[in-house]
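By letter and in written order, the chains are A, B, C and D; residue numbering begins at 1 in each of them.
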């Protein structure tokens, strides 16, 4: 069976035969970098189109349908338009920070991609503290948002950035708690270990009710962390026009836009990895026949399927719910999600120690 | 003078909300003073769409000036025209045919429904839910189609003329309205499912923007804004005009005084409007649709005032006639103007997000305020 | 304990209300026949506007290039915006009498609000509202129209 | 309270009221000196309770101005129209915005469009027109060659 794993291995072998190990490492880094940028571009195009189509169908509309077959080239056209627009820097803005912010946001998004396993054997960096790395880096994106809001010299931007800061910092907590509950079960921070431990069933099903609760809490928390509705207070277009990116135009605006969608992809990929087994096919205990059939579906498809399903759920939230108010948002975190995830973590620890999980 | 923008002496932030802002529904300009996210003061700056309609009307004849009033509260243009036509008829002392009365009331209620539907969508959009807007427009579209068929236009109909209505109803009118009522009755429950029952929406609305009955009266609030504070002020019920005295409907009053009460009043009013339409649609009497009037209308010397209930509240037309073919002075008492004056009182101490929600429940139409 | 019970029932009630909304949007997501979008320029062929729709004022001419306008300026007086300007001329009838007749019917579409008052005022039903609503032009002066056809004259018997 | 009772009650309150006949609602003409005290009494007097001021406007009669106040009571449902005559060269009247809050905006409107000055008004500025606007648009002698189109 042709799998992506074999391709990467043959490339690696071919390079090793030709060059010295240092050059190979450099070359591979370049290839990986190009792949990530390519992935970003493709993800941006696909996810924006997906969002527009999903919203259109929920709103009894057709959505983009003029550019290309069934509107598939709409986002390409939009990107071209944005690329040709003038990138304005407002008078009175801190020019360095203002221009740096979108790049910072996108670089953070790129860095989180490193330990994500896209398919069997496709992982940029299988670091032994993968989960810790992800939680640590993802909290950096708030710096970019704060920078953009502050440097714009606009009150709406400033308000949006401050909201975003308060929001991301609080929701990190319950997202982290949910991640720890899975770490407690697996006993390892390495992404590949977490995936392997779900060989005979996903943690969502194996870990009883606590796993489901922490899955739900994780989804809510990451929706808030990526500033998506109903937690899109940092942008809140009916209150703050566009929040922290009010003053951005052209390609720099596009970078913020891209970063939002890539972040959604990443958090959904992490949720899929931790709770739904990543690239691991759906295996049920010892049903050998069933498991073998499931194995025939390529691992990359499993991973993408799970991730895109979660992305769809997050989009579904966005096009159904009204926005929360800032104090309600913080109430939800500190009064509901955090206590719940703490109790949940305790339960999970008991389950793990007693070995009650399947 | 517009304040020195920036911060106040106490270090509060001064923000211009509008005139170009997604949630001011037009060109309303609010200068808000913020302490953190909490509102200290809201000050409306009006006039971005002031056309001085009152001055314009002084040079238009009694047939001509009615069409201008469609451009004030464009969402209840029928009802505005109705108020003007009533005032002219009062001056001319003519009785309009029974058929015209029923048609007028039917059109008013359809307009009220369309206006409330748009408000519902825009209100949900203000608190961040974008989908209801499109669902509301779907139903509004059917009303617009009905209007288009009978009146010839979708928004600014100019269908009410002194003496009755401009044309008889279209042969398909009754059938289409009945179809619409049947369709809408299934959809209004979806409105509740999607927005009203939603826990986020409820918590955004409850206890926000409290307006006591005393201040509602003192600020001159009318319509759903005042009825949401428990003040009975429905002109249709208190001073019935046309056939409102004969149809049975309830004046919806909710004593809550907060945003949710105002929201609830409008939602229930939609149901009441549907019930009025259901009562009248099969009982349109035969006969003329327009009373005989002279080609050139001249009002006797005197003052005439008529009040009607638009979707936003009490609309008053005050004509002072010197006996000529044009009014000497005309004053439109628009509901939005008085309702807006209570905004500062309601919004103080709340967050920016709440201000947007309060503005949503006031259902402001800016041309109605600026005239 | 009662506190905990309330806490849990609050959370469950909230979740139920949210799921109810999601069920509705999910329904519309899967039921594409509910879509109401009209593909406007593509459906021009089958799109039919009601006959009362007010798009622009036109003057009716019959096959012999005759209209019913007597040039009485009732429409000009009825118009609130000065949209209509009527230029009259004097014609000599076969009997040798001088008679007022229409020379040019100027219609400023850019000023018109489609209020229908001119049509109501017209005593001979010479003008009516047409259903055309696509008025965009690149030159504003094209919106000033002459409604009577060149060489047209008044129909016999219309007073 | 019906029209006659209201009239009788007003005759008690005012020394020599002059009523305007033939109007739909009871219309009383007042001197601007007594206006404020009368307004306060009308708002609070037990049998009157005119708590709802639904229309405030000014009329330019070329020789003088008239302020017209339309009042009603939400509890007793009787109507009263109060007219106050103002001098054309110096239209000044006492504000009632502290009695009926709605008057604050309506009086600003009257100031903006007619130039009627309300003493004691908390915030008497232009409302619709820009701050630097010259003239009072709704006065009969107002001319604006740019913005007014004569047909």
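The rule we apply is simple: a residue touches a chain if its C-beta (ideal position, glycine included) is under 8 Å from a C-beta of that chain, and two chains touch if they have at least 3 such contacts.
Just so it is clear, the model here is predicted, and its values are computed rather than measured.
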item: Pair with more cross-chain C-beta pairs in contact, given B-D and B-C; value: B-D
item: Central chain of the complex, centres being mean CA coordinates; value: B
item: Length of the line joining the C-alpha centres of subunit C and subunit D, rounded to whole Å; value: 41
item: Separation of mean Cα positions, subunit D and subunit A [Å, integer]; value: 63
item: Chain centre separation (subunit B, subunit C; CA means) in Å; value: 24
item: Residue numbers of subunit D (touch at least two other chains); value: 151
item: Per-residue overlap in subunit B, given as positions that touch at least 2 other chains; value: 131, 138, 194-195, 198, 200
item: Subunit A, residues touching no fewer than two other chains; value: 58-61, 319-321
item: Subunit B partner contacts - residues on subunit A that touch it in the complex; value: 55, 58-61, 155-156, 159, 163, 229-230, 232-233, 236-241, 319-328
item: Subunit B contact footprint on subunit D (complex, rising order); value: 22-25, 51-55, 57, 59-60, 68, 70, 74, 77, 100-102, 104-106, 109, 113, 125-131, 137-138, 148, 150-151
item: Complex contacts: residues of subunit C adjacent to subunit A; value: 11, 18, 21-22, 24-26, 28-29, 32, 34-37, 39
item: Parts of subunit B lying in touch with subunit A, wherever the complex brings them together; value: 13, 15, 21-23, 37, 124-131, 133-135, 138, 194-195, 198, 200-201, 203-204, 351-354, 356
item: Complex interface listing, subunit B residues touching subunit D; value: 1-2, 46-47, 50, 52, 54-55, 59, 90, 214-215, 217-220, 222, 231-233, 238, 302-305, 314, 316, 318, 320, 328-329, 331, 333, 337-338, 340-342, 345, 370
